[in-house]
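Heads up, there are several structures right after this.
In the two complexes that follow, chain A is the common piece, with chain B as its partner first and chain C second.
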Partner chain A sequence: MRKQLLILPSIFFLLILLIFFYLLIIDRNPSELPSTLLNKNVPKFETESLLKEKKFVSSDVFGKEIKLVNFFATWCKPCRDEHNYIKRFSNQEGIEVIGINYKDNSQKAIGWLKELGNPYSNIAVDKNGRIAIDWGVYGIPETFIVNSKGIIKYRHVGPVTKKIYKKINLIINEIE
Partner chain B sequence: MAPYLGNLSLWLSLFFAISQFFVSKKNKKSKFITISVIGLLISSLISFFLLMYSHVVSDFSVLNVFQNSHTTKPLLYKVSGTWGNHEGSMLLWILVLTIFNYFIFKLYNEKNSIFISKTLETQAFITAGFILFTVLTSNPFEIISPTQADGLGFNPILQDPALAIHPPLLYIGYVGFSAVFSISIATLALENNEKIPWHSYMKPFVVAAWTFLTIGIAFGAVWAYYELGWGGWWFWDPVENASFMPWLLGTALLHSLITVEKKKSLQSWVLLLSILAFLLSVVGTFLVRSGILTSVHTFALDPSRGIYILAFTAILGGYSLILFGLKSKKYLNNSYFSFFSKEGSILINNILMVVVCSSVFLGTIYPLLVEAFTNNKISVGEPYYNSTVVPIMIPAILIMGIGPILSWGKGDKSKTFKKIFPSVLLTAIITLFIFLFYQSYSLIGIVGIVLAFWIISNNVIILFQKRENLSNGMIVAHLGIGLLILGITGSSVWQEEKIIQMKVNNETNIKEYNIIFKEINEIKGPNYFALQGNFFVYDKNKNIITKLQPENRFYPVTNNFTTEVSIHTNLLRDLYMVLGEGNLNDGWIVRIYYNPLVIWIWIGALTIFLGGLISMNSNLKKLQRLS
Partner chain C sequence: MLTKNFLLTKIFILIIAICLMQFFSMGSYGVDPEEILQDQKQELRARNISKNIRCMICQNQSIDESSASLAKDLRILIRNKIKEGNSNEEIYKFLTDRYGDFILLKPPIKLSTLALWLFPFVFLLIGIFVVFWHNKKSKKF
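Presenting the complex of A and B:
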């Protein structure tokens, strides 16, 4: 009996490999992470606003209507790629897009928005990435949906693509 | 020119690895083996140093240099930039493999030629697999045309001295387990009648791998602590777990090997552990570099790499574990252990280490399992690891204190109690004294302090008694673990954090210190600009303790901001300060941490490293006497 047990490690190993293989070949997106903040209130923070004279106070901004929160920076190439989709969101009625300018040079960011257009109704400056840590951001771009009660309903890691654009719209319709 | 030669040399090393694989099948030392082994070593040395050369002279015709370097980067980071990226790190990995390959080759003598040939065969297979992976999916010598004027720059967060030497140390650890793996395969493939003391061959490699893995992980922690600016040094990230799991199995292996040596028991168990330790290193690489998991440390991703490493792991694991299943019977024996003996304590150590390793493994792949079966995504974090790993470690450490002084076979309980009485007393006195003095009670804090001094006092007492039969390396390494626990306990239980907005001339307090924000200056570094805050720290009696100068750096090349923490260290605590964002009118956001006993983590790790080196030396001498 004991001798037969010696083959167990190889069987166990095989099972794990099969699972890894399955995960590699299925169409999955490791960047679609659940947020630990899902269904929780947005973290509170206060910082400068990029374009407004007034301070950016999270409790004043969130909790009225549905908000899309988009972490971006001028040095991030995928942010440029997704910018058109972010603009499309801002042109839709009933959605306000809040930008969080992550670890960036503010002057550059202003220039970048002038060049590409500004879809954001308000932009928080996160110069050292502290706000991103509170939101559990892995890497930018990341986009969150916050409902009218100021609760996070969805998180997407990586650029918004056509597929994700549709998905976010679906979720927003559901929430409404 | 250099990249072409480098590429050629890399292909040459693939050729030598394959030839070594076939030539060593002859089972004896021959001219061809010598040529293959030395050819492999030299060609991988050449390709490694040619890549380093391309980095140092900033040859931007090489894609790898273009993507990861810049002319303004300081020389140290141009050198370390060689292995600071996926492709270059594979080249370093290959180099370390061939160095270990050479050491195994040096062990040849008249009696062991079949055994060593078999080991070299497996080692050649592993090396060829990794070289093939590199040339097919991650060739560092790829050319970019037209040649670029300047590089994209190196992530500034990786520009840190601790991170420059962290990968080489870590790789010696991981790759050291490849030698252990090959020896284990050779042992299983041996015919019954050959009396080769395989454990004596295995031991120096296990000690080397474990020692360098320890110090490699420690430097990773140093980097996280000094560079990330989050106030901590371990985050249970998948990449950290990937190095911690082989370390745990290595720890188990290190101890059970002693039992094999003295009692000839646990042999099949040791063979299994040595296979698993290396397989876990490779699976860790797979998890980190295939993009199957997302982590803060993730390298550039490419799905074809994932498929390749997985296939390679399947071959290595499939072959070795099936061989184990078929051939390890002859190493089974049915001797039973007395619980209260040295081998009993080692067995418990092994069980606990494997349980911790399984828990970490489960935590790391659990999100993947859940996703594979239910399509839901979950994440496993620090709370899981703290509540699984810590409780299992407590009995392991308790036993670690008395294990070394127990005797082999059946021990005399009352005698043992007499032996440990002084350290029990010493631990109790020190703990009592500490808590009376600091008046800060927390259950986990008390447990941690008791365990730390339990280990420290046991080993200090053993050290003074100069017992002949205990190895110095072991005592020093165990002492290091005690110091490490002291540091871990202090910094995780009694850490204090303060986040505050400060203007120039404002002041604040943390613990017994008064901190005044004196001024803020713009300074210019070799490849960055920075805002540097100047903070004066005073103690209760208004004596100045230190000036802290945290910085907020901007690297124009990569367009990154980083924070440079400023730390004042003494034996009891670190004052750790991070300058956040702000301006002259509103002030700056400042984060201050009071981190007790952090330095003991580093001292502990260095002590363990020293103990490992001593033990490596004595094990090598033993092996020399053997041949």
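Presenting the complex of A and C:
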């Protein structure tokens, strides 16, 4: 009886190994957190618009159709990397993309958009990062899907890659 | 034999000394001089709150220790909220509403985190039980 019990620790150990192995191979990013804003209204804010004379008022912009919101800055290298995908959203998929220029120099941002192309229908200026805090943003680039009722349906932290591009399109098709 | 023991003692003392060092070293702080509030009581409150708030960029540091720019923004935000007369609870709620419970370094005791809080004690009890059980058995031999 005692001898048979001795096998228990080995089984237990194997089980732990299996769990670790499983966690290792599944597609998971432990530093990525779910947004607490999911299924909630977009935060209300008012700020300058980067390219337009008129003020950027969130309640005027959100709540009519599906929109992508993309936090970006010229100093952020991954933002440059994802820029082609952001352009594809607005040019090929016909989705309206709202940019939020995070803690950036406005002149530099305008130059950056001239060089790379401007996929944004409107750009809010977040000079001191206060708007980003209301959105729970902690590492730009971050991209949100906002549905036609102005409710946040999806959030992605980090650059949009091919995989994420497909995922966002899929989600937009679902909620449309 | 004696010299070997002497060497071991030396190594042991050295290890203990290294372990104790942390109690005498000052922690590093991310707070910049210009952030500090005039009112010392308010500043102390801000520091105590900051110590419980996780820096979302360097996730095992509190915003009190981190020099990341978001940590700085949050430190300033907390100080502004204190100046505006918000209570500690209101400030914690403001932050968890936006960033979730993860922003608190210590997870709150809730139904969903009960296992997290209780399992260490359960495992301790199991451990004590195993040790006693094992000792009882081995006495027979």
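As a working rule, the second predicted complex is superposed on the first by the 144 of 176 C-alpha atoms of A that agree within 3 Å, B and C clash if a C-alpha of one lies under 4 Å from a C-alpha of the other, contacts with A are read in each partner's own complex, and residues count from 1 in each chain.
In the analysis below, contacts are C-beta pairs under 8 Å (C-beta built on N, C-alpha and C of every residue); 3 or more make two chains touch, one makes a residue touch a chain.
Fair warning: this is a prediction, and the values are worked out from it, not measured in the lab.
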{"item": "First, second, both or neither for A:K103, with chain B first and chain C second", "value": "both"}
{"item": "Which superposed partner A:I7 touches (first chain B, second chain C, both, neither)", "value": "first"}
{"item": "Touching partner for A:I133 - first (chain B), second (chain C), both, neither", "value": "both"}
{"item": "Chain B versus chain C, judged by how many residues of chain A each one touches", "value": "B"}
{"item": "Touching partner for A:I123 - first (chain B), second (chain C), both, neither", "value": "neither"}
{"item": "First, second, both or neither for A:I19, with chain B first and chain C second", "value": "first"}
{"item": "Which of chain B and chain C A:W75 touches, first, second, both or neither", "value": "first"}
{"item": "Residues of chain A contacting chain B in one complex and chain C in the other", "value": "31, 33-34, 36, 103, 128-130, 133, 138"}
{"item": "Of chain C, residues touching chain A in the complex", "value": "56-57, 59, 69-70, 73-74, 77, 96-100, 102"}
{"item": "Chain B residues touching chain A - in the complex, by the definition given at the top", "value": "230, 268, 272, 275-276, 279, 283, 286, 290-294, 296, 303, 306-307, 310, 313-314, 317-318, 321-322, 324-326, 328-329, 332, 365, 368-369, 371-372, 377-379, 381, 552, 554, 558-561, 563, 578, 580-581, 583, 586, 589"}
{"item": "Complex contact set, residues of chain A against chain B", "value": "2-3, 6-10, 13-14, 16-17, 19-24, 28, 30-34, 36, 47-48, 74-75, 103-105, 108, 125-130, 133, 138, 157"}
{"item": "Chain A - residues contacting chain C, complex", "value": "31, 33-37, 103, 128-130, 133-136, 138-139"}
